[in-house]
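Some structures are shown below for you to check.
In the two complexes below, subunit A is the common chain; its partner is subunit B in one and subunit C in the other.
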Partner chain A sequence: MQVKDAMKKDVIKVRRSTSLRTLLSIFKDFHSLPLIPVVNGNDRLIGIVCSESLLDLLRPRQTKLFRNVPFVEIDKAVFDLDPLPAMGELIITEDIMDTNFVVIGEDDSLADAYKSLQLHKREKLPVVDKEGRLLGIIGIFDIIWRMFKEKGIV
Partner chain B sequence: MKVSDYLRGEFCILDLKAQNKDEAVREIADNLSASKKILNTEKFISDVLERESLGSTGIGNNIAIPHARTQAVKGFVIGFGRSMAGVDFNALDGQKVNLVFLMGADPAELNLYLRILAELSKLLMNKSFRETLVAAQDVAEVINIVKKFEGA
Partner chain C sequence: MIESTVLSLGIIFILGFFFSRLIKKLKIPTITAYIILGILLSPNLFNLISEKFFESSGFFTNIVLGMIAFSLGEGFSLRTFKEVGKAVTGISITASIIPWIFVTIVFWFVFKQPFYIALIMGAIASATDPATTVAVTQEYKSKGEFTDTLLGIVAIDDAWALIIFGLSLSLAGSFVNGAANLAGVYKDFLKAFFEIGGSILLGAIIALLFNKLCRFIYTTKDRLIYTFGFLLLCAGSAIIFNLSVILSCMIFGTVLANTNRTSFDYFDSLREIDAPLYLLFFVLAGASLKLDMFMRVSVLTLAFILLRSLGKTSGAFFGARIVGASAAIKKYMGLALLPQAGVALGCALVAKHTIGGVWGDLVLSVTIAATVIFELVGPWITKLSLVRAGDISAEEEQL
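After this line comes the complex of A and B, so read on.
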């Protein structure tokens, strides 16, 4: 069985010019989204945005090292920034998207997709065709669902 | 992570000649090109202007923070330009811009870049920070102002 048999084809995606304000409302409205794919005019996947990138904007002075040590007391000022309404427009998807991302091919096997999700510790990954165009998103549950369906359980 | 860790006196221009966005970006970028961190000034300028075409960084209050993640920069670089007459920056509020902070970052420096961008936006939202910058007499004073407000 291949990735294209199990992936979700109805994907919420944005463009490079999408503002931070719009990104935030998309994350809010679809709060289970771990990532939002960014595509260009030809639907080619050029980046992804995840909630971690948004968090970086709220804790400008906290170093990554510090964040990864959970038992160190977090600076009280971390989530105590002054409101910055202008940042909603100043920052766009281009500024925060991750361009170094992992993808899964539509023809890859579900076993390979599962391995890739585990290996990269991702909840979901984007699925692309050979030209790099975004076709869908696949996560662990999509694979589980497909397997149960195959057995006639759902 | 602070703006003052990266901003140097020699990267500040207090009397920009530029009249518009393209000229302002070019003038500050040319001044920054002495920095070893800029690998290709022309590419840096065109990447910044391409980013501007996606959305203006003239965010109102007479300030602009043009920026780009670009291969033309090694690490992170920031420069400042001030124009008393004001630069036409296609700002969101339609006003001319007096204070321009130009930033460039290696695409791999995402965290650092976002942190500085957030920090700088926070500083620039402070009216007395903007007023003191406009009144600064020389570049040494600019650096001291940034340090002072970041420390506060």
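After this line comes the complex of A and C, so read on.
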């Protein structure tokens, strides 16, 4: 079974120019923040936004800057900063998106997708075609659902 | 005295754990706590651990400094440079190079030390202490342009310091016997050049091989074994081919960070095992200190402290001037960069094992003595610079 058989194709995606305020308002009614793909004009995946990307805005800048520096112990507190209300418009998705992300191909097997999710400790992964265009998103629950369906449970 | 290596390791880890807890209450950095523990355990004082154990640690220091270099190499990605900006990069370069030149020239010409010793001491002067700097800015809730610039600089300047040290150690290795004529000097330079070029090439090849084979990783455990294995492969190959462990491991990290999309996972996996290795590393640094040498190098230590301070202030000043930074940055940035710790000690320990003998002890003794002083006074000076630059509010300053 392949990734394209189990992935979610209806995906809410944003552009790099989407403001922080718009981004937050799109997702405010979700149970939890999903993986948000950022695409360019050709639908190519150029970044992702997750809870960590948003938390970084509330953390001191050094949290990100010093993650590779040995011996530095960073206090990961998120309540010390006083973000200005203007940040909602001043910050756009491009400023916060993560450009180092893991993807999975539509033709990969479900077993590979599961392995990749475990290996990279992710809940969901974006699915792309050979040109890097976004096709959907696959998560642990999509795989579980597919397996149950296969056995006739649902 | 304990002769068993396994028991020695157990005692070092357990004592290291409790000692760092105890000493944290006194607001002394963890690294300093480990060094003091090393001095206490060494044959100089309580003689708890056998000398044989400490002497056989040369290979271990290479592995740990390779790990530090690999981690710092990750910081040399296009992303980091974009994040910190041109001004910070500029100041970080001059504030690392000028102390190197200052200390080298004065140690060589005025104190008549051998050229290779002067060069190594100069390189050690470049390193700073990001951990202490971050701790000071967090403790006093420092905010503003000066703080942002300072944090940007300390996030990358230890990487410059390690490159400078790697280059200096390669040059020093070539000059250690002292060429008699011009042809000899030329040959020494050529040898150093091949060592440096070879190290860069080795690091890049290891990174490419790493990328090629990483598809065979299936689990997070695999990833740790794979990454640690490749790091040892890199360090080990550098030793076999007489190349620089530091430079090759650093280039390995840099190439990996710039070519592998999921490189952060590999760097993170090593972080799971680095804490006990770093503990052992700094205890060994403390234990390697010869206390009689400590007293004999007091003049050199004082000179090193003064020259490094002068180098850092003028280096930061020139850099700030070139990039057109504010008056506060020009004036106080060098002072804020004075704390010095982990990377300097690591370099000194590797230099001791590479050079050996009395000169090796001299490098380590000066560095440890200077580090202890910079660790005690440095944070206070960093705080003062932040206050003068107007980044610490009056009420936070009173705390």
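Keep in mind that, in the parts below, the second predicted complex is superposed on the first by the 129 of 154 C-alpha atoms of A that agree within 3 Å, B and C clash if a C-alpha of one lies under 4 Å from a C-alpha of the other, contacts with A are read in each partner's own complex, and residues count from 1 in each chain.
One rule holds in what follows: contacts are C-beta pairs under 8 Å (C-beta built on N, C-alpha and C of every residue); 3 or more make two chains touch, one makes a residue touch a chain.
All figures in this text were calculated on a predicted structure; none of them were measured in a lab.
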| item | value |
| --- | --- |
| Which superposed partner A:86 touches (first subunit B, second subunit C, both, neither) | first |
| Which of subunit B and subunit C A:125 touches, first, second, both or neither | neither |
| Which superposed partner A:115 touches (first subunit B, second subunit C, both, neither) | second |
| Subunit B versus subunit C as contact partner of A:50, first or second or both or neither | neither |
| Contacts of A:102 with subunit B and subunit C, given as first, second, both or neither | second |
| Doubly contacted residues of subunit A, that is, touched by subunit B and again by subunit C | 60-61, 64, 99-100 |
| Interfacial residue positions of subunit A with respect to subunit C in the complex | 60-62, 64-66, 68-75, 80, 99-102, 115, 118-121 |
| Partner subunit B, residues of subunit A touching it in the complex | 16-17, 19, 53, 56-61, 63-64, 81-82, 84, 86-87, 89-92, 94-96, 98-100 |
| Complex interface listing, subunit B residues touching subunit A | 1-2, 51, 54-55, 57, 59-61, 65, 67, 69, 92, 107-108, 110-111, 113-119, 121-122, 125 |
| Residue ranges of subunit C touching subunit A (in the complex, touch as defined) | 30-31, 67-68, 71-72, 74-75, 79-80, 83-84, 130-131, 134-135, 137-138, 141, 148, 151-152, 154-155, 158, 217-220, 223, 261-265, 267, 274, 278, 341-343 |
